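Presented below is the structure to which this report refers.
To keep things simple, chains are lettered A, B and C as they appear, and every chain counts its residues starting from 1.
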Amino acid sequence: MNQTSAVKVEGLTRRFGDFVAVDGIDLDIGRGEIFGFLGPNGAGKSTTIKMLCGLLLPSIGKGSVGGHDIMTGSEEIKKNIGYMSQKFSLYDDLTVKENIRFFSGMYGVRREKRKERMEWTLEMAGLEEKRDVVVGDLPGGFKQRLALGCAILHEPPILFLDEPTSGVDPISRRNFWNLIYEMSGSGTTVFVTTHYMDEADYCHRLALIYRGKIIAEGTPMDLRERYMKRYVLEIGVERMVEALDILEKKGMDAAIFGSLLHVTVEDVKQGIADIRSTLESSDIQVDRIERIAPSLEDVFVTLIEVA
Amino acid sequence: MRERITQMIVKEFIQTLRDRRRWMLLFGAPIIQLFLFGYVVTTDVNNISTALYDLDRSQESRELARRLEASGYFNVRYAPQSPGEIRDLIDRGEVLCAIQINRNFAKDLKRRIPTEIQVIVDGTDSNTAMVALSYVTKVIAKYAWEYAVNTVGTVLSPPDFRTRVWYNPDLKSRNYNVPGVIASIIMITCIMLTSMAIVREREVGTMEQLMVTPIRPVELMLGKTIPFAIIGLLDMFMVTVAGVLWFGITIKGSLLLLLMGTSVYLLSILGIGLFISTILKTQQQSLLATMFFNMPAMLLSGFMFPIENMPVIFQYITYLNPLRYFLVIIRGIFLKGNGFVVLWPQMAALFVLGTVIITISSFRFRKRLG
Amino acid sequence: MRFLRIKAIAKKELIQIWRDPLSLIIALLMPVIQLFIYGYAITFDVNNITTVVYDQDKSSLSRELVAQFKESGYFTLVAYVDNYDDIDAYLDSNRARVAITIPYDFSKKMRTGNPAHVEVIIDGSDSNTATIAEGYVAAISLRYAQRITTRTVLPVMDPRTRVWFNPELKSRNFIIPGLIAVIMSVVVALLTSLTVAREWERGTMEQLISTPVKPSELIIGKLAPYFAIGFMDMVLAVLVGVTLFGVPLRGDIVLLVVLSSVFLFGTVSFGVLISIIAKRSQSVASQIAILSTMLPAFLLSGFLFAISNMPKPLQVITYIFPARYFVTILKGVFLKGSTLTLLWKEGIMLAMAGAIVFFLAIRKLHKRID
């Protein structure tokens, strides 16, 4: 049992009948880390997090969460973690205050601390004025923060968040991540799953998961440098869709990114030249071409194609 | 339009039948209910545990005892030796009925002095007690009459009351109850399923999705009620077959008429289900509401308790209950072979009732949607 | 086990129940309505038997006979007919249940010492009413014999009946005590059985099981509010039964409360168990609950239909259902004034059943998703 790891598991696997949802995952997460688990829908993120929380029993695997064994110590694990499920599971027919009070009771928050935690949560979630509003009537952003607050009422050392930002507006997302940073700063380990690639940059370390397996792992920087064997060129053109078509017909790896095109090439100089000539010979004017740092999305797409 | 309705019906069937548990319940539950009701709701009283306290021990008293046994109703298991023993037997529930023949029974009979026979009955189950009393009275009356006619040639002899039982000569309550069960099963099933199906869409959110399509309220209503009408008819067919095959119920009347009657009945039933769905938001509520309606509906329909014995106010209330009319129809067809000539008032009542309910429900339904 | 957590869960359940007023109202209103229906409307008492008379004799003796029927208070004379076809019509169309035919030579035969035959046709569809009607006919025949024998001297047998525990054979006395069992079972079937399944459907269950809460805490917390509701229903039922309907409460009220609580505990635990087993489907949970608590309480507990009249296999099955023991207890305490010495067996069965179900529920509640 490694004392400095908050979560250390090996060979974590989960089968549902013939379907293998999670296939031999190893994790080693240190205290105070923000660890991100990225992947498309159906990749196995939720299943993994549920196994770590003691909600699902792994088919195979060994390890510990917060020092307690994942196979035999589920109940012990639950005492030391906070969990926020994908659906922000709050009681829609209870008020904000009632939800907080309920979860305080469930997590065994000490009587002396209860009032303090209640006020802290209300302030954190911006719900001081809305404490008597029934949760079902709250907008998504508030629900999200309230759900987070309810998960940490007992100030657990480890926090598991399953897609905490789905369906929430970008500003709320930003604020949410600020909160996470604060908590990480005070020593809480945070394990987050998400399918938003841009959030990956907020994490200390990441693992990319696809079809139940981890296909890459490291810091965001690591991932960009280590796995990106090729370069990305960003191209601004007038008739984008046409240009895309032409480049693809030429066998190039191109995709639309907003109002620009990204093309992945082996060699920058050669690539620029090739693209310019191809497009201009079809009478499409190229406004600009330049190399950019690959986004994690680029990384991911590449890795998946390899996998 | 037809296409949309058909699609809705198909979808409903898929949803209902996909979950294995659900269709097991859908078709299993009515059968279970049939068996339970068929075997339990028998007011046939047999094998009455009886104690006979014969203080006379004469030929006449033994003849009475013999007749009691021979009637087939009574099982004379105890011959207590004291009134205290009788008390004890009844207290403990060992006997339902105790008959005490006094010391001078035969002597009094011969001397033409009216003689008493004590009959004690455990009244906690008042119906069984009544029936037991009926049986005792019948046996005694028969004996009394035969004794009078045989032993004395008198100036006035008492008349012989001959009873004949029509339609259900064996007096098996089953023949009366099984058709009733069929009727009530359809009611519960259809109302519950219809209301829950509609409410579920609302609860889960797919109703909104439907409303965005070009579907018209009428089509939605039809799409939601027709599947359950079909299931209701299927259920009825299934339970009827089971009733005939297993319980040996016979159907004396026309099956076509039965079908007609059922269809008119379904008008009301589905209308009620529709109505309930317009008031409620969650499945739990619609379940409670269904039961809330069903309970009084079953009790105040003539299903188990004759309407003519109810206080007048309640009798009036039953006029609003579709089950009341359908029970007359279904029992009439099964037991009496009634034809349209006899049953048209009930059919008409159901038609009117059904039309009114459906009209009200559709108004509400449209309002809810729009 | 932490009381704090139990309290938190119980409080939450209460708030949720309180916030769904419709369900709560129905849950509290249904018992009242049931009480009223069973208390006022439902009766096994058979009177108001519609009758037609075909008097071919029209003598003073025949008129006296008809008068006997009328005076009994059981038969309601609907019409005099003068042919057999009319009798057919009346009986076929349910306008009369009994037809009395007095032959043309009625008084002549009687005066000459030959027994005259009076034919009584009874509609046997409702065999219960028919059987009791037969009993009435027999009783009237005895009474008629008595009357005419005052003019001559005939041996007369006079059955004197005494009904114990329920001397007026008030169906109400017999029904209402057992009704309490049904009322409590209804609460379970409709409310408690949905509690866990609903949390699964909404997603809050997942959140709950990720906390340190123990299954026993969760279950006790969920039980408590529904126990309270069931208890309120019971108190309501007892109060209304005793004060409004005058059902006698001859036994010890403390015993009643204690044993009712034991039953309630078991029933509510069973509801939670159903909810756990039905996992994620509220509709499945509710249907199972109805089949396994409400229906047996209504049919197989001896509440309305005597167990001794059921076929043997069913009688054996009734032993599984706690409602059976509870109904025995209820009837005993209300009508017979039974004490624990008589009811200890039933009490133990209830306690055992409750304990088993409770611990089963705890075991079955896995704090995992699969």
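The rule is short, and it goes like this: a contact is a pair of C-beta atoms (placed from the backbone, for glycine too) under 8 Å apart; a residue touches a chain by one contact, two chains touch by 3 or more.
Only a predicted model underlies this, so the values are computations on that prediction, with no experimental measurement involved.
Asker: Have a look at which chains touch which and call the overall pattern line, ring, star, complete or other.
Answerer: Looks like a simple chain-to-chain line, open at both ends.
Asker: Using C-alpha centroids, which chain lies at the maximum separation from subunit C?
Answerer: It is A whose centre lies farthest from that of subunit C.
Asker: Distance-wise, how many Å sit between the C-alpha centres of subunit A and subunit B, to the nearest whole number?
Answerer: About 62 Å separates the centre of subunit A from that of subunit B.
Asker: Approximately how many whole Å separate the CA-defined centres of subunit B and subunit C?
Answerer: Roughly 13 Å, centre to centre.
Asker: Would you give the residues of subunit A that are in contact with at least 2 other chains, written as numbers and ranges?
Answerer: Residues: none.
Asker: What residues in subunit C touch two or more of the other chains?
Answerer: Within subunit C, the residues that touch at least two other chains are 20.
Asker: Report the residues of subunit C in contact with subunit B in the complex, numbered from low to high.
Answerer: Residues of subunit C touching subunit B: 20, 22-23, 26-27, 29-30, 33-34, 37-38, 40-50, 65, 91-94, 106, 110-111, 113-132, 134-142, 144-146, 148-149, 151-167, 169-171, 173-174, 186, 190-191, 194, 198, 281-284, 286-288, 290-291, 295, 299-300, 304-306, 308-311, 314, 331, 335-336, 342.
Asker: Which residues of subunit B touch subunit C once you look at their complex with the stated criterion?
Answerer: Residue positions touching the partner: 19, 21-22, 25, 29, 32-33, 36-37, 39-47, 49, 90-92, 96, 109-110, 112, 114-131, 133-138, 140-145, 147-149, 151-169, 171-173, 175-176, 196, 200, 280, 282-285, 287-289, 291-292, 295-296, 299-300, 304-306, 308-311, 314, 328, 331-332, 335-336, 338, 342.
Asker: Name, in rising order, each residue of subunit A that touches subunit C in their complex.
Answerer: 50, 53-57, 74-75, 78-79, 81, 83, 85, 87, 89-94, 98, 101-108, 134
Asker: Which positions of subunit C touch subunit A when the two form their complex?
Answerer: 2, 4-5, 7-9, 11-12, 15-16, 19-20, 202-204, 206-214, 367-370
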